[in-house]
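Following are the structures in question.
One chain, subunit A, links the two complexes that follow: it is found with subunit B in the first and with subunit C in the second.
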Partner chain A sequence: MDIEKREYAYYPGCSLEGMAKEFDIATKEVFTRLGIKLSELADWSCCGATAAHYKDRLLAYALPARNLNLVGKSGKSEVAISCAACFSRLKTTTMQLEHDSKLKAEVELVLEEKYEGGVKPLHILEILMQSVGTARLQALVTKPLKSLRVVSYYGCLLVRPPEVATFDDLENPTSMDKIMECMGAVAVDWPMKTECCGASLTLSKSDWVLNLVEKLLREAKDAKAQVIAVACPLCQANLDMRQIDLQNQKRIDFKMPVLYFTQLMALAMGAQKEKLSFHRHLVEVQSTLGAYLNQ
Partner chain B sequence: MARIGVFICWCGENISRTVDVVKVAEAMAGVPGVVTSVEYKYMCSDPGQKIMKESIKNDALDGVVVALCSPLMHEKTFRTAAEEAGLNPFLLEVANIREHCSWVHENKEEATKKAIAITRSTVERVRYNLQLKNITVPITARAMVVGGGIAGIQAALDIANGGHEVVLVERTPSIGGHMAGLSETFPTLDCSQCILTPRMVEVARHPKIKLYSYAEVESVSGFVGNFEVKIRKKARSVDTSSCTGCGICQEKCPQKNIASEFEEGLGKRKAIYVPFPQAVPNKPVIDRKHCLYFTKGKCKICEKVCGPKAIRYEQEDEIVEERIGAIVLATGYETLPATFFPEYGGGRYPDVITGLQFERLASASGPTSGELKRPSDGRRPETVVFLSCAGSRDLAKGISYCSKICCMYVAKHAMLYQHKVHGGKAYVFYMDVRASGKNYDEFVRRAIEQDKAIYVRGRVARVYEKEIEGVKKLVVKGADTLLGEQVEIVADMVVLASAVKPSVGAAALAQKVGTPYDQHHFYSEAHPKLRPVESNTAGIFLAGAAQAPKDIPESVADASAAASKVQILFSRKEMERDPYVSMVNSDRCFGCFSCEAVCPYRAISRKEIKNRSGEVLKVVAEVNAGLCQGCGGCIAICRAKACDLAGYTDQQIFSAIRGFNTTSTYEEEVVKK
Partner chain C sequence: MQAHPHTEQDELKVMGAKCYQCGKCSAGCPLASQMELSTSQMMRQLQLGNYDAIYRSNSLWVCVACETCQSRCPQEIKIVEIWDTLRNRLFADKKLQRKYATKGAVRHILLAHKIFLSNIYTFGRIFEPMLAAIYNLRSGDLFKDASKGPSLLVKGKLPLLPHRINGIKEFQRIFKNVEKYRAQKG
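Let's turn to the complex of A and B:
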């Protein structure tokens, strides 16, 4: 299919309606510039995220199954997802229900409809790397992020478990790094690409999360990064929000903006900074990215 | 009418506890053709056997059934006894009423019924037993040993010193195997090459050993005592008979940056090369993938500088045939490459190396002349972390087994490191230390107590590179499960004790030879305890790490054991085999030769049947009893029912089946109908 006319069903997920609104905005901005239509699913609901699969196995599969059925009903077979957790839950569900007929029957019972299957959940990184390609990405860059040192942070769910997240290398993923290079930035190799940020323990065990985030930020700083690029709302929240705590506790003495990779892409592709909601971040962006924001 | 004797054993209480043996004897006494039926407490004892022998003579028996334990236990005992009493041994059959009956049942009444049925069935079978004779086949008293590592070398030398010819086939340009590349050996720390190379030279000089280096087994046919083997001698591009091994070609070859296999990729070699100075044979080989002449069509420097004119660019692979009586498979092992461990940065970070690579770094003949230096920048490593069980005992890596040699060589590495880098720190991450062997645990204690290796119980999750004060270091993140803490060690070098697995091509060779292997491609032994160096295929023996991970002493012991098995086989001029082979009834055969097409052993030939004036009346199939393995393929395919299996004829089998549930004989039933 001609990529220009391509259209995907789009599942934003709850975070992208709320605290990660800027991820949603930037992603749509990038895809519009690429000429790819993202049609948001009508009446989509929460995927259950971490809460559901901690508490109730059936719920953890039934919620994604409902949304997967919506994709089929909209006449599409592929659904684009920005949030790493939503991607993981939807993809896990497609794989599990394919061979677990008992679970499938239970899911169908609570959904009060048949689970149709045949839907392929795709993370937007996967679409950008595999269907769009670096050449096309590069062609759209009008304001390259020249000499901006970016470390790409993938976290857990974009590469794990390896049988679910298959589009990049488990131990040393590079898709986001390659995209950052296309945007003219310096993709800095660092060892923490797939370390955990503490995820939802941020609420119950915030001291653990502080330790993990401190480690991540220090390594980013040691790698002389100016900004951390992420693709997961919870990773962003932890790295951004807990950074303030670490500063207040005088455990770190620097600021490291944490941006969604599509925000950086949109910027390089010439989007207005006002459009990209940089003001929503807790760690102030202007002083690091000023040169790029105002170019 | 047949004259059959039935002899029932109590086996002490083993049978009589659950089977009423007296009742079985009474029941058999009433069977037509049974002239005597007796029970005895221990039939296998001398007096028990005597009862049977005397009865054979006195009652003029022409068939015997002994109802007792499994035929695997005592069939041979009783057949020998029967032969001594003048009866053809194949007229005696065992009815298994112990393993198949008394041991597996509790209800005595039901078990007695079953014992009667089993014995009755065997009586019906024995009526149609034929007087067979063991088949004798000549033995070619020459052995082939595949693999020229320490196991293959030991096996070849032992067999040759026993006076038999040996063909030793080695895939690489030199014999020596992994042992030639090791630094020092546990638990004595003697130099590996120093103890190995005299053996290698002995192989080269031995008048009874024919060495094919840079050669592979192409095909194997035939059977025990009579294998025909084709060996592919790969083109060396050097005439070994005129080459003097002077080394000038190697010196002058301009292709110098090829990663050396012998140096585990840490050193370089030329395109024409001898793998290491003590190689046997000490004759070079041209690596055609890298040779300028073979890749670009020019150069030929080696030919120009060669005094004796031994370079042969036009040389081709050559297939040689050898007749062999027994084969020893000693194809050895390899270890998982560092690239198998992306979580430890294997393949990405040059200072993450495998145990075999560390051996080369620590070896006086190695790329650093035995000085410990980091592959990346040549710096002396001040801290080294050794990871045992890298891949072993890890189902996520597909390996369930323990690689066995690592605990010991890791301790040795830690020790060698301390000896070479005074004041350096050696950390060892381990799951548990398995040092069971003579002086093995003492050796590990020495590494810990005397050489101060720091043993950390736990596994490593990740290794990453980080520049600290201008030097690239490796950060090792792991768990100390004794402290219950996460630990991070900043190291200069990480050594992976990566899992042992069989050599590439082990499975393919097993298929050529026709011997089984397990899911990991280790060769399977015939019995894990009692026949550890024999395969299930007669005449195929196993030695060394091709069968399971093994260290040097074990491999050598294996090799000597396999050699002694070979010599036992060669101690006779010919060999007796069970006569259970296919027979062709030439009256019935009409010469379709479907049997010839299906026979996997090529045991079917064509025979012309002529009349008195020499005219060919018809051509029929004939079985070569020496080749036939009694698989029954020909019997199943034969439309004329001309093929039958001696010892297991259709008549015997059908009669035995009827016997299970009948009170009448086959003859009576057929006559009735």
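Let's turn to the complex of A and C:
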């Protein structure tokens, strides 16, 4: 199918309505520029995230299954997902229900409807790399991010477990780096691409998260990165927000902007200021990226 | 641990039996320094059927399911699946919770997961401001992250009103049906 006429069902996930609104805005901007329609799934619900699979395996498959059925009812077979965790939960569910007929029957029992199947969850990074391709992305760049040093941070669920996150390398993923290069930036290699940020412990044990985040930021600084590119709302929140705690508690000021990779893409494609939402970040972004906005 | 059928416990022991203690899981674990038993020590306790040691350790709850251990295990043991089953058991059993999850980090982490679930049960989606506020109230850590509240509000990061999904009744029925199904199975 001609990619430019393509349309996906779109599952933003809860964070993209709140803390990660800028991820939603920038992603839609990039896809609009590509001529790809993202149709938000009507009345989508939470995927259950970590808490659901900790509480009850059946709940953890039933909650994504409700959304997968909604995709089917909307007449589409592919659903684009921005959040790494939502992507992981939805994709895990399709794979598990495909071969575990006992679980499928249990899910149908609690859903009170048939699980139709046949829906393919895709992370937006996967769509951009595999269906759109770098040549088409490069063609849309009007304000190249020349000499901007970017480290790409993939975190956990874009690469793990490898049977679910199949679109990149488990230990050394490169898809986001390649996109950053297409945008004219310098994709800087660093050793923390797939290290965990502490994820959901941010609510209950933020001091542990602070230790992990400090290590990540230190490595980014040592690699002389100017910004960190991310594709997960929880990674972004931890890396951005916890820099304020590092300032207050440890007197360490990394001043490291943490941006969603689609924000950087939108910037390079010449998007207006309001589509970039730099003002929504806790670590100041303007002094690093303002020059690219005004060039 | 008479509360659980032996067959299921044996199934877990079989899943863990392939572990030959290479330690790769513990070496790569980002939270190893906070765990009272490392991942490989947990696997050994599982092989011994020592569920008391497993639940006495904070490790099941310190784990964030980053999947690093499982992805690297040379024996392809489904470590996260095993741990999920162990976590599911504690979630389903008030007695186990009273015995093992009333103190320290474990109490706080479990509380956070429970509040997350009751938040989505209420709205169908997460409403972030309420998630943090209720956690602070119930954990007793009233001002945790409160200093960031005002700047998050000014920056428009926090939505002021929750969005409740239209299909909230059918959504809540999924939770209730799971409970009912578990109760029937005993």
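The definition used in the following text is that the second predicted complex is superposed on the first by the 293 of 295 C-alpha atoms of A that agree within 3 Å, B and C clash if a C-alpha of one lies under 4 Å from a C-alpha of the other, contacts with A are read in each partner's own complex, and residues count from 1 in each chain.
Following the convention adopted for this analysis, a contact is a pair of C-beta atoms (placed from the backbone, for glycine too) under 8 Å apart; a residue touches a chain by one contact, two chains touch by 3 or more.
It should be emphasised that the depicted structure is a prediction, and the values quoted were computed from it without experimental measurement.
Of the two partner chains placed by the overlay, neither subunit B nor subunit C lies in contact with A:Ala139.
When both complexes are overlaid on chain A, the residue A:Ala291 reaches neither subunit B nor subunit C. Considering which of subunit B and subunit C touches more of subunit A, the answer is C. Once the two complexes are overlaid on the shared chain, A:Asp222 sits against subunit B while remaining clear of subunit C.
In the superposed pair of complexes, A:Arg57 makes contact with subunit C only, with no contact to subunit B.
Of the two partner chains placed around the shared chain by superposition, subunit C is the only one that A:Leu201 touches, whereas subunit B remains out of contact. In the superposed pair of complexes, A:Leu170 makes contact with subunit B and with subunit C alike.
Common to the subunit B-facing and subunit C-facing surfaces of subunit A are residues 170. Only residues 169-172, 191-192, 219, 222 of subunit A touch subunit B when the two sit together in their complex.
Put simply, subunit B touches subunit A in their complex at residues 342-343, 348, 462, 464-467, 475. Chain contact summary for the complex, subunit C toward subunit A: residues 30-31, 34, 62, 64-68, 70-71, 80, 84-85, 87-88, 91-92, 105, 108-109, 111-117, 120, 124-128, 131-132, 135, 139, 144-145, 147-148, 151-152, 155-159, 163, 165-167, 170-171, 173-175, 177-178, 181-182. Of all residues in subunit A, those touching subunit C in their complex are 14-15, 17-19, 21, 43-46, 48-60, 62-63, 66, 106, 109-112, 156-157, 160-162, 170, 194-196, 198-201, 203-206, 208, 212, 241, 244, 248, 279-282.
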